[in-house]
Each structure stands twice: as structure tokens, then as C-alpha cells.
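Working notes, beginning with the structure itself.
A, B, C, D, E and F label the chains in the order they appear, each numbered from 1.
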Amino acid sequence: MRPSKRTPDEMRPVSFERGVARYAEGSCLVKFGNTQVLCAASLEDKPPPWLRGQGRGWVTAEYSMLPRATHTRTRRESSAGKLSGRTQEIQRLIGRSLRAVTNLPAIGERQIVLDCDVIQADGGTRTASITGAWLALRDCFEWMRSRSIVKENPLRDHVAAVSCGIFNGTPVIDLDYAEDSTAQTDANFVITGSGGLVEIQATAEVAVFSPDELSAMLALAQKGVGELVALQKAALAQG
Amino acid sequence: MRPSKRTPDEMRPVSFERGVARYAEGSCLVKFGNTQVLCAASLEDKPPPWLRGQGRGWVTAEYSMLPRATHTRTRRESSAGKLSGRTQEIQRLIGRSLRAVTNLPAIGERQIVLDCDVIQADGGTRTASITGAWLALRDCFEWMRSRSIVKENPLRDHVAAVSCGIFNGTPVIDLDYAEDSTAQTDANFVITGSGGLVEIQATAEVAVFSPDELSAMLALAQKGVGELVALQKAALAQG
Amino acid sequence: MRPSKRTPDEMRPVSFERGVARYAEGSCLVKFGNTQVLCAASLEDKPPPWLRGQGRGWVTAEYSMLPRATHTRTRRESSAGKLSGRTQEIQRLIGRSLRAVTNLPAIGERQIVLDCDVIQADGGTRTASITGAWLALRDCFEWMRSRSIVKENPLRDHVAAVSCGIFNGTPVIDLDYAEDSTAQTDANFVITGSGGLVEIQATAEVAVFSPDELSAMLALAQKGVGELVALQKAALAQG
Amino acid sequence: MRPSKRTPDEMRPVSFERGVARYAEGSCLVKFGNTQVLCAASLEDKPPPWLRGQGRGWVTAEYSMLPRATHTRTRRESSAGKLSGRTQEIQRLIGRSLRAVTNLPAIGERQIVLDCDVIQADGGTRTASITGAWLALRDCFEWMRSRSIVKENPLRDHVAAVSCGIFNGTPVIDLDYAEDSTAQTDANFVITGSGGLVEIQATAEVAVFSPDELSAMLALAQKGVGELVALQKAALAQG
Amino acid sequence: MRPSKRTPDEMRPVSFERGVARYAEGSCLVKFGNTQVLCAASLEDKPPPWLRGQGRGWVTAEYSMLPRATHTRTRRESSAGKLSGRTQEIQRLIGRSLRAVTNLPAIGERQIVLDCDVIQADGGTRTASITGAWLALRDCFEWMRSRSIVKENPLRDHVAAVSCGIFNGTPVIDLDYAEDSTAQTDANFVITGSGGLVEIQATAEVAVFSPDELSAMLALAQKGVGELVALQKAALAQG
Amino acid sequence: MRPSKRTPDEMRPVSFERGVARYAEGSCLVKFGNTQVLCAASLEDKPPPWLRGQGRGWVTAEYSMLPRATHTRTRRESSAGKLSGRTQEIQRLIGRSLRAVTNLPAIGERQIVLDCDVIQADGGTRTASITGAWLALRDCFEWMRSRSIVKENPLRDHVAAVSCGIFNGTPVIDLDYAEDSTAQTDANFVITGSGGLVEIQATAEVAVFSPDELSAMLALAQKGVGELVALQKAALAQG
């Protein structure tokens, strides 16, 4: 039995609120249970310096947690003066995941920055960030299309992400903080709307895992991402 | 006529939502019009190092803006690797304002950190932060009192803050971003529930101001803080 | 009775020594009692990057204390690797105060940097810095005028600053270190030669203050700045 | 056909030279083709601060490249003043991989630091680092055992790592720099001597990958790690 | 002919003003011509951390230039966020030079910090710093002796320093900025009162130098240090 | 008797291995006994910013130690976030030594960076670095000449370096770590192939030294550099 009383393949309630950041070109407040992430997309007129003159654009992400998003207060990285390795790993992951479904040349020499700020953290902040940032990015591209900055929306597909783990020997999906802390294995899957794999990161926390357990987690993730993509579509259908 | 169409002594709609941060000992989402600040109070078991062994506690504040709280994206201070002078000035001001109404020995050798994270910025973020942080701090102290960590709530009075300025020659209250950008003078007043002055910061942005203009702004601020304290009390009355 | 045995409205002996920095375009060693600040003005051929192409110049300030300006040694900010919040507040204040009396377009696309290095600190270092830096800036502008870099001296007025406080319930002027450490309220006033207010910063250190106390401190400051401006004029009259 | 002319399941020549660092408690120069990494294990008498008093030890890693390990010179991270996100990801990965096969309580309150310095880089530096660091760690533990610091060698199993990718649609193993730069997918597998999975990181660089491709890469990695573990054993057999 | 019109073995006018820093345990304003350095000695109750428990003390130095000590303004190292290599070299040199004549165990577990702040720079700032810091250190030790913190003054000898160079083929002493900029060779000699060599740093700036030129410069330095030590003694004789 | 059992004028076995860094334009692994330094020369198409437009090039050096080059592990400067004063002194010394024998205008507007990475440290790392870096620089210039980037090799002479010290009252050459730790005086000499002096740095570690001792150390160094230059020539003769 999971601490959350969910069945192994049962995700937490997921919701998306688009347009919450009044000044951003696209934004989305995403909730995976008690995990809440505010995703905001900002259009910048220039690509990063190393990409200039190559006729294509870039999508990047920054990730941060409010100090009291967590059970006990976390020190601000601005006070520490540097980003932790964990933060850098996560923001690199978010950026790669979104670029995997973006037609970068179609953006032109511009950059979209996705700010993923965790308002409340109860496990799965990186997967919620990717899933919500896709909607913010989509609305930013629509904003650009409506102003003829791009001809068509440069997104080629949906992308969403979910965590899986081995809890008490059983593969389960979408671990909350209590489950994550005690799982033997921790894995994150980023999958497109058409089922292509974008990123897999699986780590043995306590005990090694077997190829069969990897397959079982992948199957759970495929089902979960299917649900998440359906919810993204429902959010878009609301206008 | 002000850009906001408000009368000179008319504040924007102000609201407080207590308890928004699930894990914090006290929290408040404060809105001054489109300005939104999430204030969270965290109890720490130790005072700052320089206060150890002196038998009293401390109240401090950290202030930050989400990158896309603003009309155009602002660079993260965690990426820049240091806090700007503006950020440091504001968080020092918030801390001093709250300490002015706190019985520090009554806290014991502990520290309360007030995190003021600006979700959306339309002028007056520092005054909204002080006003909302007072509620977060009050609820944190109640949390402590209910667990017998303190005998009585160490707050001695309300404290609230509001900005004033000279706009087209007329003293006005609670400037939004459009007004703030064009005001000749910019002033912030921090005042207690019983009318004591805690902090006054007045700056000639474009033209010097006269002692009479200072008096006029102070009178506006006294009226505005009276309204803010009444709203703080109403928020507390809701339980 | 003040520790310094001065009357409430009595400033410490003030002196200015112009031209002390051999290589600077303008300089002044200012003393407010035992407080000594070396102010040097440097002309730079370029404005700050964010002002380029706008046809006007800039005046900015940097403030620092020698490590042993103080009773006990203070750690160097160059060793700490960053500026303290206090230092940043003070150098922003000095810069704003001088810009308030400068015709910035008349400078052209150039920048004047005022370095205020505290040689000895006995309270009032920021007010001494502003008052002495005005003379360094004035001589820098004369240097520029004599070389036809500017047609007329871009200064529109004198500016000077003084601190006030409430000591044992009495408003007093120009607090030294011993008085400053025990004052209930600490306030700094920056005022022009013609009596316009440029900056007011008043802080309740121990107890809140009343509007009447604010008025009393302002009156003291107006008198004190009048004396400081007369001394600036006397220093200029010496050639 | 791969640029390296190797068959899809053919690794580069791999060699291990133990004991190359005269002063280290354990060391190994590992070569995967032209990739060369010097791995040195250092015993420290204290665990990291956050682990004190818990009766167990820690294994951690630091990773760095000599500036001219690469085709064009890379800037030193000591000059840049901070570690890149890539460096931090890699050293966290190396540390987790080695801890997965270490009996941490058996070390006692001590820490082993594995320094992995890339002398020459031709793809696969992180997988070579893990594979070589295992030997350095093993020899460090033997050094400790011979001095009765530990009773038995705290390693529970071998661990080795290899990269796989999809090159021109074909899953291939152990990509060199030329192959890595043009692969559609890049994956790293860390596997124990008994076949348990420790870490899987798979990233779509150009195109998404399918579950079948993941399985094919995993099969290649299982075969490759089998060969690496055999070579580790041969290196140990040499005394 | 030297630009300064001095003969090859002629130093600039040298003066020492003791006791200029009101709050320091020892201080000296030293002038070598237009070069002016304020040296202040601070007694700290603890030795540096790496020396604790060894029953002896330490003498260290920090060196800095006021931004406008130089012909054109130099950027503050506190703004740059780190010390330049030049600054670090100089402060290490000053510290070593003073320690060479100090009986460190006689200080007890304490540290003396010598702050050498260059008020005006016209060549030879490091040699003036060493020569003036010796007086500040001596007065600090006297201050300690008069309070019975040490039994006897821990200084074993005088120490002074002077620069030499090869200018237009001729060895000369005590180069000012104009000479230093065009010298072929630049050398600094630190010598004790009894003629022992403490430090020699000689650098070919434009052309290599010969053993004979080294000998000639050393002879000049021995004569110059003799004069400096006599002046140190004269400054002490003034009480 | 020296701990190393060498005679006072006997250097350790010295060897050079050219071309060890596959991707560098020039490289050399130099060994002075157990001290091993990998020197790599990198050609950069641009000079440093402050030299642009002056029609000449630059030669600079960076120096670092692998953490476990030493008897006990040394913390990485990239983790510390800044270079130590010692590192900066050494890399400035290496750069100056090589520039002293280079015809900088002949390089054109380019820069050569010499990376000196200490693989193993047993005293004399800076002198080994200079001596080995000369070979790496020479081979880099040959690489440039063979591609007609320069017409002739811009090196005007050999340069090599060796340390000397006073050990138990006797001047000795090429101190290893054990000798260096206990020497009374530590000196480094950089000398050209034709016997010109480039740099002398002599420091009294325990006791001052006399002019005669300086002469004796210089004579030892002249002999030692003669041997080193002969070995550089032999290494070049091998093709």
C-alpha cells in the first residue's frame, strides 16, 4: 500500500491554470497534487550569444524553488551566490525536453526562456515543470503567431513528464515527497504526445533495479503521459 | 488626473489571503491592485550567530521577484550570483519595520525569516511586502503560542506601509508602476497601528520637494495606513 | 546632556581641504569632527552602458571604509568578495544626492565617479561624504570647463547632508559614533543650498517617533545644512 | 558504418593502469581508446558535515578536464570561478554509481574522494571515469584493509559504465567524440557485476527514440559492461 | 639622466608620520616622494585558524589602492569581487618581510594585521608599504608591551625595502612611476637593519640582465636601506 | 648530507616527453625526479582584449595541480571558486619567463596559452613548468611555422629554471619536497640559454641570507640551467 493510498498506476489530481502571469507571453500554474509550479514563458529578441547568425532560435529554462515551498525552509540560491548541482540538472532537463518538440529554425533568431518557479513542493517538481512549461511555451508561440512573429506554431508535438519508482518492491507512478524519500529506485520519463521517448533518468537509490522493473516503470509512464497529454488538450480547449 | 483614475488619497483594492503556504508557520498572499506578494514566515530554532547567548530572538526578511513578475523579464539574482543593492535595501527595510513592533526577548533564542516573493509587480512591492509580512509573522507567532513556544504573541502593534509621491505637482498615495515611473518624488512610509512612525524614505527623483509637500505626503500615508490596519484586522477576524 | 557635550543644534567642527588627491580631476578631504572622508572625482569618457546614445551624462559614487577607520578592524569587502548592503545603500544615496543638483545633459556622454573613502569613522560618514563630494564634483566640473569640455559648470545648486537623531528624548544634530549607537531614532537629511529637500531617511532604532519629532529634526537639519553650505562657499572662496 | 569502423557492439580498446598516482591511497589511469582519465582515491578522516554522528561513511567524486584534453582549449573552471552544470551532473553521477556498490556503514565515519581528471577526451569520459574509479576505490579500500582501518573490503560488487547511442538509425556502443556529436540519441548505462541496473540516462539529441531502441541499447550495454568487468578483474589479477 | 633628475643612487625624500590612525594599535603614514601609504596595525585576539594550538602568533598584511591613487582611476577590487594577482603577490611579500624580523612565539596566540592602503601611487608602493608597516608594527608591539600583553617587543631587527632598476643601461634606485614604466629591469630588495637579505625579486621587463647588474643593484639597495633604517630610527626618536 | 643523498650541485634526473597531448599544438611532459608537469600550448586566434590593434601577440600561462598530485589531497580551486595567491604568482612567473625569450610582434595578433598541470608534485613544480613549457611553446611555434602562420620561429633563445636553497647552511640545487620544507632560504632562478638573467626570486624562510649565499646559489643555478638547456636540445634532436 502506498502512503498516498493511491493504486500503483494512479496519478495525483493534475490541473493547469493558463494565463496566470499577467505580463508573460505565456504562462501556466500547474498542480500535481500539492506540488505547484508557476511556469512563465518570456520572448527575448536575441538568441544566446553562441547561436548568433545561425538562423535559428533557442528554448531554455530556469528552475527555482521559493524558500518555503518545502517542509523546512531552503536557503535561497541568490544568497548562496550560486546554483546547486540539482538546480542546474533540472533546468537543463526542462530545456532539452521542450527543445525536443520545437522546430527551432521556425522561431528565428530569438530565445524563449521558461521560468519554472516552484510555489509548493511535494515531489515531482521537475515533471510538473516540464508538463506545465509546455503549455506556457505553446501560449507564447500562439502570442507570437498572432503578431506574425512566426507563421505557424513551432511546436511539433506535446511533451509531458512523470516520475516512477519502486516502492516496497512495486513499480508505482507519480511519487509524492513521502514516497520519493523511501523509494528504492527513482526514475523520470519525458515522453511526447505520439509516444516517442525524449529523456529517461533512472537511479538506484537503495537497491539496483532489473531490466524488468525498468520495463514496468516505462509502461506506467507511458500510461501516465497519455493522461497528462489529454489534460493539456483539455486545458487548451478551454480557450 | 492620475493615470490610474484614482483620487489622490485613494488606494488600490487591497486583499489578504492567509495560510496560502501549506508548510510555513505563517503565510499571506497580499495584493495591492496588480501587485502580488507571497509572504511566508519560517521559524528557525537558532538566532543568527552574532546574537547567540543574548537571550533574545530576531526577525529578518528576504525579498525577491519572480523573473517574470515584471513587464519585461528580470534576470534572476541567483544566476547573477549576487543580490542587487535594491534587493538588499528592501529586505533590510522589511526586517527593520517588523522588528520595530516585535518584543524580541519574548521570542527567545530563535529567528523568524519572512520570505517576501513578488509574484507580480505593479509598483509598491516593498510596502505590500511589509503589510502582508505582518500577517504572516502574526500567524507564525500564534502557531508558536499554540505550541507553548512563546507565552504571549510577541507582537506589540500592527505595522503597515504605503508609498506616496508627487505626481504632476499633487501629492498622491499608493503609486502603481505607471505613476511611479513618472513621479517627481517617491516616498515610503512605515507606520504602526497606533500612529508611530517607523521608517520614512523620501527621494527627489526629478525635482526637489518642500517641507509642505513632505507634510502632505505624511498625512496621506497616515490615512492610508489606517485603512491597511483596518483590513489587517478584518483578515484576522475571519479566523 | 549629549556625550559630546554639544548643544542639541551644535554640529562638530567641519573642515574641507580641496585638491588633496594629486591625480584626480577634483578632490576634497572633509572632516566632521573625527570623521574623515577623502572624496575624489574622476572623469570618464564614456557614460554607463545603459545610457549610451541618450545625449546625457551620469554622476555615480563608490563608498568604502579603510579597514582600520573604525574602533575595531572591519573586514575588507574586497576580501569578502562582495559589497555589504550598507555600502550599497550609502553609495546609491550619495549618487542620487549629487545627481539631484546636476544638469546631466550638460555633461555630455560622460560619467563622473565620486570615490568616497572613509579614512576615519566617528559617525556621519555618509553625510560627510555627500557634503565633501559636492566640492570634489564642483572642482571636477571646473576642470572640465577650463578645458572647454563643458561650457558652464553643470551644477545647479549646492547640496549638503547632516544626520539628526532623538537622543534621550531630545532631537539633536550631527551624531558621533557614541551618540549614534544609543539614539532612539536615526535620520539623514540631504538638502540643497536653496532649501529643497533631496532625501530623507528616518528610522526608528529603538522606539517609534512622532510627526512632531520628525519636524523638529527637519528644522535642525535645515539649520545645519545652511551652515555646511556656508562652509562650502568659504572653501571655494579660498581659490 | 560507424566513423570509427567498429561494429555496433564493439568497444574501443580499454586498458587500466593501477597505482599511477604515487601519493594516493588508490589510483588508476583508464583508457577507452583515446579517452584517458586519471582516477585517484583519497581517504579523508572525516565524513561530510551532514553525515557526522551517523556511524557511516561516504564516497564522493570530483570531475574535471585539463584545458587541453579537448580538440580546442576549454576554459578552466577555476578561472571561471564556478563549476558548469555538466561538471556537476557528471560528478554526482560518478558518486552515486560508486555508492551503489559500497557498504557505507563498513567504512566508518570517513570519506573517500574520487578525483577523476580527464587527461584526454574523445567521448565517454564519464563512463570511463566510473569504470576506472571503481579500481581506484577498490585499491583504496584494500589499503585501508591492510592497515586494519576496515575489516573487509566494503565493496559489494563491481560497477562499470558504457555509453550507447543511435547512430544512423543503428544502436551502437561506446561512442567516440565524432560519433557522439552526430548521434540521434545519447545514453549512459551504469551496471553492476551481477547485472543490476544502477543508472540509466538516455536523451534524445536530435530525434525521439522508441522503447525498442531503448531495449537494444540496454542489451548492448549489458554486453559491454560484462567485458569491462572482466577487464577490471584481469587488472586486479595482475597484483 | 633620470626623468626625476636624481643621481642613480639618490632616493626620493622619505618621511614617516606615526600615529595617524586614531583607533589603530600602531600606524604610520609613509611617503616616498609622491607615493603615500597609510599603514595601520591591528591586534587580533586569535591567530589564523591553521595556527591554533601551536603557541605562536602571526603577522599578516593586506594591501589596497584607493581607486584614484593612480593617474587614471583603477577599478575597486571589492566591486570586481576578487583580488588581483598583483595585490595578492604584494600582500604576501609584505607579510613575509615583517615575519622575517618578528619573534612569532613571543606574540602568543594572536595575530597582527597590517593594512597598507595606498593613498597616492607614484612607483614603489610595495617598498614604501614594507618600510612604513615596520613602524606601525613596532608601535603596535609597544602598545602591547605597555599593557603587558607581551613582555618584550617581539621585533628582532629593523626591516626596510627599496626598488632598483636598470634605466638606460644604468642601475638606479627608488624608481618613480615614469622611470618604472620604462626600466629594462625591475627589482625589489628587502633587507634587515643588520644587512641580512630577506627577499629579492628581480624581473627582466624588456631585456635580460647580467650577474654584474644584479650585484650593482644589490649594492644600491644596501645603501638605500641603510638610509631608510636611519630614518625609521629618527622617527622613533621623536617619541 | 641532503635527504636526497644528492651532492649540493646535483639535480634530480630530468626527462622530457614531447607530443603527449594529442590535440595541443605543442606539448611536453616534464619530470624533475618525482615532480611531473604536463605542459600544453594552445594557439588562440585573438590576442587578449587589451592588446588588440597593436600588431603583436602574447604568451600567457595557467598553472594548476591535480588534487592528488600532493601527499595529502589539496582542494580544487574550481570548487573554492577562486585562484590562490600562490597559483597566481606562479602562472604570472611562467608567462613572464617565456615572454622574455619570445619575439612578440613576430606572432602577430594571436595568443599562446601554456597550460601547466602538475600531475605529481615533489618540489620544484614552477621551475619544471617553465622548463617544460619552453618545449611546448617551441613545438607550437614550429606547428605555426609549418603552416606559414609565422615565417620564423619567434623564440629568440632557450629558457629554463631551477630552484636553489640553503640547506643546513649549504647552498644546494633543485630541492625536492622534503628539502624544500626544511630549507632556510628558497630561491628560483630563470636563466636563458645564453646566460641572461630573467627572474630571480629569493626568500628567507627561516633565516636571512647573505650576499655571498646569493652568489653561491646563482652559480649553482647557472650550472643547472646549462644542463637543462642541453637536455632541451637533446629532446629537440630526437625529432
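Keep in mind that, in the parts below, a residue touches a chain if its C-beta (ideal position, glycine included) is under 8 Å from a C-beta of that chain, and two chains touch if they have at least 3 such contacts.
Which chain is which protein? Per UniProt: A, B, C, D, E, F = Ribonuclease PH.
Bear in mind that the values here come from a model prediction, so they are computed numbers and not experimental data.
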Repeat of the C-E interface, chosen from E-F, A-B or A-D (over half of contact pairs identical by residue number): A-B
Per Cα centroids, the chain farthest from subunit D (Ribonuclease PH): C
Chain separated most widely from subunit B (Ribonuclease PH), comparing mean CA positions: F
Centre-to-centre distance between subunit F (Ribonuclease PH) and subunit C (Ribonuclease PH) (centres being mean Cα positions), rounded to whole Å: 51
Length of the line joining the C-alpha centres of subunit D (Ribonuclease PH) and subunit F (Ribonuclease PH), rounded to whole Å: 33
Geometric centre distance via CA averages, subunit C (Ribonuclease PH)-subunit B (Ribonuclease PH), whole Å: 28
For subunit F (Ribonuclease PH), residues that touch 2 or more chains besides their own: 81-83
Successive chains along the ring, subunit E (Ribonuclease PH) then subunit F (Ribonuclease PH) then the rest: E, F, D, A, B, C
Sites on subunit A (Ribonuclease PH) touched by subunit B (Ribonuclease PH) in the complex: 21-24, 27, 34, 38, 40, 42, 44, 62, 64, 66-73, 76-83, 113, 115, 117, 119-120
Of subunit B (Ribonuclease PH), residues touching subunit C (Ribonuclease PH) in the complex: 82-83, 85, 88-89, 91-92, 96, 100, 187, 192, 196-204, 207-211, 213-214, 218
